[in-house]
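What follows is a single structure, written as structure tokens, with notes after it.
Order of writing sets the labels: A, B, C and D. Residues in every chain begin at 1.
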Amino acid sequence: MLLRHTPTEIKEREALTVNPAKTCQPVGAMYAALGVHGCLPHSHGSQGCCSYHRSALTRHYKDPIMAGTSSFTEGSSVFGGQANLLAALTNMFTIYDPDLVAVHTTCLSETIGDDIPQIVKKAFDDKKIPEGKKVIYCNTPSYVGSHITGFANMCTGIVKGLVEHTGVAKDQVNILPGWVEPSDMREMKRIAKDMNVDICMFPDTDGAVDTPQLGEYKMYPDGGARVEDIATAGDSIKTLACGKWASEDAAKLLDRQFKVPYETIDIPVGLEATDRFVQALAKAAGVKVPDSFITERGRLVDVITDMSQYLHGKKVAIFGDPDQLIPMVEFLLALDMIPTHVISGTPGKAFTAKIQELCAEKAPNVNVKNGAQADMYLLHQWIKNEPVDLLLGNTYGKYIARDEDIPFVRYGFPILDRVGHSFFPTVGYTGGMRLLELILGALMDRQERDAPEIKTELVM
Amino acid sequence: MLLRHTPTEIKEREALTVNPAKTCQPVGAMYAALGVHGCLPHSHGSQGCCSYHRSALTRHYKDPIMAGTSSFTEGSSVFGGQANLLAALTNMFTIYDPDLVAVHTTCLSETIGDDIPQIVKKAFDDKKIPEGKKVIYCNTPSYVGSHITGFANMCTGIVKGLVEHTGVAKDQVNILPGWVEPSDMREMKRIAKDMNVDICMFPDTDGAVDTPQLGEYKMYPDGGARVEDIATAGDSIKTLACGKWASEDAAKLLDRQFKVPYETIDIPVGLEATDRFVQALAKAAGVKVPDSFITERGRLVDVITDMSQYLHGKKVAIFGDPDQLIPMVEFLLALDMIPTHVISGTPGKAFTAKIQELCAEKAPNVNVKNGAQADMYLLHQWIKNEPVDLLLGNTYGKYIARDEDIPFVRYGFPILDRVGHSFFPTVGYTGGMRLLELILGALMDRQERDAPEIKTELVM
Amino acid sequence: MSEKRKLPDPSAIKEEILAKYPPKIARKRAKSMVVVDKELDQEVQSNVRTIPGIITQRGCCYAGCKGVVLGPTRDIVNLVHGPIGCSFYAWLTRRNQTDPGETGDNYMNYCFSTDMQDDNIVFGGEKKLKQAIREVVENFKPKAIGIFSTCPVGLIGDDVHTVAREMKAEFNDEINIFGFSCEGYKGVSQSAGHHIANNQLMRHVVGRDDTPPEAKYNVNLLGEYNIGGDAFEIDRVFEMCGINIIGTFSGNSTMQQFENSHMADLNLVMCHRSINYVAEMMETKFGIPWMKVNFIGGEATAKSMRKIAQYFEDDALSAKVEEVIAAELPAVKAAAQAVKPVTDGKLAMMFVGGSRAHHYQELFAEMGMTTVSAGYEFAHRDDYEGRKVLPTIKVDADSRNIEELKVTQDETRYNPRKSEEQLKALEEKGLEFSEYKGMYNEMADQSLIVDDISHWEADKLIEFYKPDIFCAGIKEKYVVQKWGVPLKQLHSYDYGGPYAGFEGAKNFYADIERMLDTSIWKKIKAPWLAKTDEDNCICAEYVA
Amino acid sequence: MSEKRKLPDPSAIKEEILAKYPPKIARKRAKSMVVVDKELDQEVQSNVRTIPGIITQRGCCYAGCKGVVLGPTRDIVNLVHGPIGCSFYAWLTRRNQTDPGETGDNYMNYCFSTDMQDDNIVFGGEKKLKQAIREVVENFKPKAIGIFSTCPVGLIGDDVHTVAREMKAEFNDEINIFGFSCEGYKGVSQSAGHHIANNQLMRHVVGRDDTPPEAKYNVNLLGEYNIGGDAFEIDRVFEMCGINIIGTFSGNSTMQQFENSHMADLNLVMCHRSINYVAEMMETKFGIPWMKVNFIGGEATAKSMRKIAQYFEDDALSAKVEEVIAAELPAVKAAAQAVKPVTDGKLAMMFVGGSRAHHYQELFAEMGMTTVSAGYEFAHRDDYEGRKVLPTIKVDADSRNIEELKVTQDETRYNPRKSEEQLKALEEKGLEFSEYKGMYNEMADQSLIVDDISHWEADKLIEFYKPDIFCAGIKEKYVVQKWGVPLKQLHSYDYGGPYAGFEGAKNFYADIERMLDTSIWKKIKAPWLAKTDEDNCICAEYVA
């Protein structure tokens, strides 16, 4: 066994986390910053943080992930990181010539108490920032929340730093996509386009972390939300914030600061969340949903009606991030699958309540936990106590899947051992079909693997 | 073993076919006819043919497949099927009200020698065909060629029956997509659209055999090439015939009859075939290839560069239809995989020559055979003699895959035990990424299955 | 909703359906669509030609012949003489399960064909057929080879029987080689093929092995095809009761079982349509009585087992059977009760095959479901009205040329298992021999029987009945489901099963409950279109 | 192309690179970029701070400490005291393979953390750390627990060493619990962490078990991390030669091996940078001499094995070693020859770690490839220039506060394995003790050494050299490949390996040949853009 020390018996823990179902804030801030065109993320802390976050994102996307670091030494941690950040800003603009730098903090600079706004102001005052270049920032203390919190904080940082108030209303809808794949953001834009709705989407990592192989490296890829577009977000009709955890804060700020009303909706994963997304977008923009969406939707429904027998009643264990898990659990229920164990390391009371509400009718006994000690060690123990037919989660899930011999579908962050997630969306009706294909593939492969020769079926 | 009577030793056969890698003509004619909007295919022969073809297509698409039959009795086979066909036409137009009926023959009516043009003419003369309705037809003797031949013949039948010569040149390119999935036809249309090229594509089963679930059955779905559009094919600039086997005949007829020049190209499966498709389309329409295609292509190339280590040198056995196999083999070679055994039941000398030419440099020892006795029994024996790392083919391949424990990717017709093929294209650059995801998934799942715990990798 | 819905009168919809047809066709179809009124003891027109152009469920003679007895038999090579398609489409597409063990012969996963080409059509295919048979022997050395004729074979005059004889001789009678003249155009449906297959079975197989069985009670099971493992479950029940099944025609079957089957003392007929001939012929030739049985449904299974015990007139056996029923039936009834909250009062329609459309009504009834309309795909009048009508059935042109094999008492081996008196005595005790009462008599008044239903008719009836579930085959499945009505395939069981016997009944209950209780049916309509819950999907009101 | 290309003079490109920098930085970086001219016996500035904002390969002190000796040791629970990320990112991301057998302890697939929250930062985290340790014991009962400090720990004043002592006492000294003050900000790279780890290893582990080894020849392997199974292959070679490895620091390692490692008679150092301290301290404390070895490359492996045999001064052993080499080396050389048609004359660049950038040059040379430019990520001057410069290295502020553990002769257990005279004699025979000559001396003149290379520098050098292959880590991989230049990861081996020893060399040849021979590199440019073959991709001319 790979996880041979995981016992069936569950002991209460209050201090120890084993095999976390989350990581810390800065990587989220870095990912969000990569969703702005011409932006160089910067990690204000020790070198290790930046190296770790770049490595994690690089392995997940198999694509270049660039970022600077303040390279703290013991000295800086004693005297403060101002000198490092000032030097870093100068050097980055001189050597790497980004349009803007997006600074996020780390547990180190947070513990020291570096005042980023003041330091950045000084950098401008001291003319260390070239004409027309920008610096945005956010605080991402690693000891608060999770990687999702960091993403949310950088979204807020983007609003703070880039959105302007022109007063001229713009007939467009802001979409904060939440922490989703570039493929998902591309699909959301496709949906808006097919609905003839002008949108302002940020962050947008489409074309930023899934760049083409052209024989030539571009440090600032063609993708990413344009600074000038983001600037207009204050003039939009409305903001759709996809995912309470990742997007709501930025939406609230747009509301407070620029009077752009917002609606928090689920990331459009699965049938019903996509229905709500499409309708919310139509409502916000005052358009009718085009008939082509009835067809798209109908195709997804058709696959479900056709294949329901392979899904119905199957028990599922799933772990990941709240904004993904909520619509995914809703989708599983629409497939008559049974969410059995649900884990997220990301804190937030609303989560368990929401999952329980969704499962109340069809899976009242669902095990759900998030936040402190809601880790994959507990998930594994739950599975040992109540086995499941399918495991959904990031690459780390494969250790459990192998030990317990459970069909496994990779979903979430990070996916370190397969390709596809950055190219094919899991959002929208089409994304729902992809999820179905993956889930059905896993379950049907298993049925065939376990079938005795007598029961081998040609047609399924 | 499921195929326990298949010996390693290969004995020459000249009369016996075991586990065919083809079926007979009519099903192809039926599939092609379904690619015309408002068309009801009709099988002129015994009931069984129609029932079998409808069942096969239904299982492959998990969607309604409608067609009529002349329901031959012994009497009709003695006295000829004219009465049956006349009655059938009357009844179909009366009861099912199609815009047109597409008649294809069977070995029975062919052996009898029923003269379809004459019978159809009589039907019109006798006013059995309602005003404005059409009847098209083709001969599809089951004892000639294969299901692909039948598809090709109905394509020709469509040209014969529906294309008109208006003399008014039309700034459009005909695309004969060949026997591909509705998803593939949809993708080809998407490509043309993004290239700003007007096309006339037929047959087009997009929206015809992958219909949405709307709670209401439409006997004639929204999809399919429109009769009035097909009519204009004679006015087009050029015809791109995808697949020598499936599309060239119809293209030649368009040339002969309407002076529309044609170019026969491969179905755009994989990198290079898609390059040629895109360029041919651009050339035909006199447009530049938009930059977005450089990005699309670059994404595919990027996945290949990233994942090449899992593909390089892997031996592949593949069976199916010539038009698919040729570009697929070329794609496998571009991935540095080694086509090792290639089988198609469809005859045609050009095939083996083409495969050998493609493999000359990188896989000179490729086993390739098509036509008589080129069946899955031989393929299986070849595999027993020279094992492979991957098997690509239709659902019947899973019996070999299980017996020989070979990773298996479903590709071709029919796929009776999985979904996805009708929703996600395998053509174009995006289709190439899907193929890669499927192939990599199969190979990497196997690596993980076979890896001892010590060699289990988190990152791949 | 526990009380049954009163059946609506379908007369009006019947008229509406017929109105669409040309008059001649309307008149013909009217005779095949019967609004049941048992007072009238109605006739159900069946086994007549399908009208050209009508979209039918039916297949051909070849399909029936290949499918019925030898297709599901694992140790014979079934070589199809014809173009490739006929063999290709019959390749693993019926779910006859078989258990050859680790080493037993099993050709059922293979597809054999002469793949006729145009020159064979022009110059004849016998030479190629012979060579193909030689190659079969060279590659596989099977015990037996069956040759199936497809449409062109008869027309070009290939004589498969002569070829079979010659090849049998060429291999010194060591391989049992015989042919079937089952060209697709023969008869009006698969049924003709069943008949042809059964004739050849009697001619070439049954009776070749006189080895006396060791068991005390020996029977054959006729017309059971082991779809989804039905026969395995039935075997389980028989074994528990201590009754030996020599041969199952045809499921999990071998040539040897057939060759020895005439040593049984009783023939049990499941699918009357496809195989009653064999029962008849075995009685005439060997003196084996036959009874109709039904293992679809818990009660039905119990009833059938009791009848069998009764036949053998052995209290110990009857006691054993009661013991088994007592052990098995309660769980089945409990299972039926368990699904009723979902199934009770729901409506079913079924149009399939030659017996399932009848048998499964009982299974649905056990769940509290009502069959509002049903019909066979390839049955004859006796399957609807009962064998009593056999004498009155007029043989039309299409049936006339299907050989009626005349068998006579076997000089040496004829041995009536029961004397006339014994049989009469048993009949007085309620047993029925050589009898089948048909579907009609078990259908509720005002229910609608439709033989050889067409797409147009099915469509209209769905609109009219708004059934909760529709049973048919693969060609109908997605059409019906597009209406938002779940379709249960009764040929393939949708790749589930077994549904026979005690375990099977429980499986069926569970599958039907699952289908009726599937959430997606309520989510079909896009919410921005949905006005009221009620029109979310046309079936919503029933699946709620 | 069999003759080597003459190395181009990189002086101009060096200037061009520096020109982009602000003057102060240019001056500093200039000292770390050395155009090799061995006549001058140049100094390579290294182990100095990375300039803030420069995009570096380097990680932090914690990464070095966790990664180097205890991370790859399977039977200790490595508990990270800090926010979740530090532990999460170090979870299974280094490919240290380990073989615990069916039942042995193995915590390497687990990730343990105190997941510090803001209140721990405000009020201190010692209480939570203690509780976490209790929960580790309650859940896992490990032999040992290591506590790793992350950035905030030092700042808020949590004393992990005191906590370790107290908890060790709480569990009656039955569990070896100790801590590491390896906060991320310490030092200038992972190197500081290695040093801290090594100190604690000497303090808390080495020497706890005096069990005398049973084997005749006992050594330790230092600085071998069993990436991709390297250590397994080395073990194979040692076993064949009859030499026993007591402890490998650290690959496939256990606490028990370390505790007993002071009983070895010779220490072999693979990665000089990460672990030479341990070799030094073990010599001082226990009298064990150490030699630098290299198992990367067939010849290198043979050479190292010979040196070891020589050290033990036993002809039988030397004979055995020669026998093994004779059995293994020819196949390696044949493999090298086999790939030369593809590899010969090709150019390589490598920037990685603290020893691989040196060792792998030899492996490439065996394939006829030239290393035009190389550098370390976290090395010190002695790794470039050789230990002879140790006395002259000025300790700067960043290194000064990394503890220099002073060890002295162990009263009871100090025992010089060789007398001064013996060592001198062996040195005369060509052995070198406590010596490492560094990378510099093996690089060709006019090749370019770059320490702590930055993204900007790498980019420009690729443009200049157009290398056929580039070796670095995951952060560089896809950047370099976007240039059409294949990148070989020398940290993770791209999930391949082993590359050490005889088998490893063959694997490496094959992998490099595969990478250089991959077709896709020639198909990068869209054909409608491609003008000439030559610009199909910038590397085409070399991979042809």
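Following the convention adopted for this analysis, contacts are C-beta pairs under 8 Å (C-beta built on N, C-alpha and C of every residue); 3 or more make two chains touch, one makes a residue touch a chain.
On a predicted model such as this, the values are computed, not experimentally measured, just so you know.
Relative to chain B, the chain whose mean Cα position lies farthest away is D. Put simply, the C-alpha centre of chain A and that of chain D have 34 angstrom between them.
Here the CA centre of chain B is 55 Å from the CA centre of chain D. Among the residues of chain C, those in touch with two or more other chains are 92-93, 478, 481, 524. Residues of chain B in contact with two or more other chains: 2, 59, 62-63, 211, 213-214, 294, 297-298, 301, 304-306, 396, 399, 457-460.
Shown here, the protein chains touch in an arrangement that is not a line, ring, star or fully connected set. Across the complex, chain A is touched by residues 1-2, 59, 62-63, 207, 210-214, 222, 294-299, 301-307, 395-396, 398-399, 402, 416-420, 423-424, 430, 433-434, 436-437, 440-441, 444, 448, 453, 456-460 of chain B. Put simply, chain B touches chain D in their complex at residues 271-272, 275, 278-279, 282, 289, 293-294, 297-298, 301, 304-306, 308-309, 312-313, 333-336, 362, 454-455, 457-460. On chain D, the positions that touch chain B within their shared complex are 92-93, 95, 97-99, 229, 478, 481, 492, 494-496, 511, 514-515, 517-521, 523-524, 526-529. Per the touch definition, chain D reaches chain A in the complex via residues 20-22, 25, 49-63, 79, 82-93, 100, 105-107, 109-118, 120-121, 128-132, 134-136, 138-140, 150-152, 154-156, 183-189, 397-398, 401, 455-456, 459, 473-475, 477-484, 524-525, 536-538.
Chain A meets chain D in the complex at residues 2-5, 7, 11, 13-20, 22-27, 42, 45-49, 51-56, 58-59, 62-77, 84-85, 87-92, 94-96, 106-108, 110-112, 141-144, 146, 211, 213-218, 345, 372, 377, 396, 399.
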